């Protein structure tokens, strides 16, 4: 068992060492605060990082897109209706579908640009009114994002306040507020959204409102759970003993500790809202023309799927990318913030 | 050879997102037939990791038993055994009791079935035989009305009762080695004493060797034959119970002993070891305990102390035992205990 | 147990009552609905409506009459289909929807659970990443996009399966896949999380310490415990199936309830909208009720005593 060598050491080494009392109390592990720790974890999640980059690029294109090819989204031009996508720079790349041709059901190639003698190119083609789909697409995405972000923001405000009040005051207030939520979540969202939109008539505002009204309950539940957990912890009690007001305790002490879960929840709400907007358009409760959103573009594209598939495929790809990147980012954030997952 | 289990140069690392944590750094010990070896140390000292590695229960995804580590049992090196071969040893030759009885039983399986499982698996018992044996085992661990209780689910038992069931599961196949990982920590003090008595009683009846992990020196005194003290992923002192309690040599052991309440203690205040455990992500150079050691010497900052022999059964890893080291006065509590030690207080021989 | 069930039944009835009332009053607000004053109805329709709903009566009376009718299973008559009773319309349409929904539910949950178990047992391998990828796609891609793509690629381009309509089993394959992609992803993710959670629990370590093999641990100890909470996703899945059926039936031109609902929204056939809404809500409320009761039966830890927190 004695595995030491016979190495000799100078006597001086056996002098008592200067022990710094402060050093003994030093915490050996470099301490990371909550955000640094979370950031380290998010950074490790490659899918979330790649999603974030793709999403940012997509958002940039969404806001720049409508201005770069010189068309606007509403000018109709019957002579240019239902043109296939054509991008001059890549028209010769055979595996890319941007050569300005259609293929009909019998496999025959059609050249509408040449047949109609059209010189200019529409990158993503045109719709049945000859409107430029590239411009319409990005304007549609803008509107979809606007609805989603707005609805989510309203969700967050209502949900956080409701949840915080319910959890913080507890007792009878909590009891009543929770019964209300229980009943609300017992009604399928679909029913409320459809009824509300029938009442309010489809439009950006009514769709936003319908989504917000049905979406806040999840947030309220999550926030209430957090408040219940946090409000009896020492830092909150200490603050209460020192005479802080309820308002101050909720917003100064509890809220910063809940930012993580609120962000995660928000990140899951946004794609949900994007989906619901598109869904409503698809069942005929979407925006009214000439306004376009991702949903109405998909709906229009679906009607002509057999003849002009690109009108369906392009907006479908965009909505799928939006949904996937948002979901992956939300997953990544959840894993990063969730202390249960710590290894 | 009366060593039933020998651990030689055990090194274990965990791979985390921050880097490699060297949780176990060269641990050596042996377990003799029929003895109880207590492993003590604070949280993070590596005592649980050591025993989990004997059972090969560490998660494969992020832990690694380093090359050259040896866990010798029955002529086999468990560190290198295949998973299939390991399954045949677990629960049959070596079994384990865990800290929290509230979570260590499967909540949706009747306890009778949970006790019978290793019997059917390892001893080829029929279901009826296994049930009969399960009833005997429940009787043995002191659970009343076994015929009724055998068909109940874990949530119908109290914490102490559940720990008795866990013990019954562990003892089902008369294992040669029983590892008890803080089996009483999660229990009330009165229940603790009952469980400890039960374990001692059962050890006499079935002649198992026990590795008993704890951070409670009071428990150690009542169950152990020998004690190994762990700090920072190493064993820093090992000896018989008397040697550790009455003639300890390592300043960390002194700290543990001084921080234990006793009726002789005149001071009202208990001693506290200052500081926090070392960061095993970047293990300190020299003696890992140096930063918290008030007897630290210059050499502790740069050289790792070897195991110095105190007696044939007693070793400690501290430079204080080097012949060149100055005479120092151990803490009062340790000095008081040394007076009660039967052997002479000798300085370590190199 | 009895008390708990009674409490749940009370809540179920209350929620349903609120849904019916909400539907009724919102319909009053819709501009141009026969229930609102701005309605333009033919004389014969008005006569029927007056008799049935007392449209010439004050609002509270109308409300009471409507409630009474609904309780007797009378959901009114359709305007679009020459005064056919709504219940008759629903009865004629529910067959395809029910069989499509059940197929998607069974296929979706079983396949999803399997995917989740595989992912959990082979954590951080390509199998895990693959099934996670499928789950993310299933959760992200809207059902109507997925349905349209399936129809275009497999139905139109490859011609392997019928493009649309409802004339036999092979007609149901594409719609079932389209409808089950969401259940698959939800069940897979939930099962994976639960399974990993269970696999990390103390009793699994104890089972390993007993010498149980990997197979025994996965299927005898872990799966049962992980499956119990998965029952809770049946509620949200029902909603997703209802939501999905609206668009999937439309894409594949299946003569089901969802397709009829969308049509009635587009032509503003109010009594059909109301009737179907109430049916969907009841279905969801009832599923949640059944799930709660089922959960308490299969989990021996839950001893019911009134509250269910």
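Every chain is named by a letter (A, B and C) in the order it is written, and numbering of its residues begins at 1.
In this text, contacts are C-beta pairs under 8 Å (C-beta built on N, C-alpha and C of every residue); 3 or more make two chains touch, one makes a residue touch a chain.
The model shown is predicted, which means the values in this text are computed figures rather than measured ones.
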item	value
Core chain by centroid distance, with centroids computed from Cα atoms only	A
More contacts between chains, B-C or A-C	A-C
Distance between chain centroids, defined by C-alpha means - subunit A, subunit B (Å)	50
Approximate Å spacing (C-alpha centroids) for the pair subunit A, subunit C	24
Centroid distance [mean C-alpha coordinates] between subunit C and subunit B, Å	54
Subunit B-touching residues of subunit A, taken from the complex the two chains share	1-5, 9, 11-17, 19, 21, 23-29, 40-41, 44, 343
Subunit B to subunit A touching residues, read off their complex	16-18, 28, 62, 274-279, 281, 290-303, 305-309, 315, 319, 322, 324-326
Residue numbers on subunit A that touch subunit C, as the complex places them	182-183, 186-192, 194-196, 198-199, 201, 271, 275, 278-279, 282-285, 298, 302, 305-306, 309, 312-313, 316, 319-320, 323-324, 326-328, 331
Subunit C to subunit A touching residues, read off their complex	11-12, 14-15, 18-19, 22-23, 26-27, 29-31, 136-137, 139-142, 144-145, 148-149, 151-152, 156, 239, 242-243, 246-247, 250-251, 261-262, 265-266, 268, 273, 277, 280-281, 284-285, 288
For the subunit B and subunit C complex, residues of the former touching the latter	55, 57, 61, 83-84, 87-92, 95-96, 98, 100, 103-109, 117-118, 121-122, 153, 155, 166, 169-170
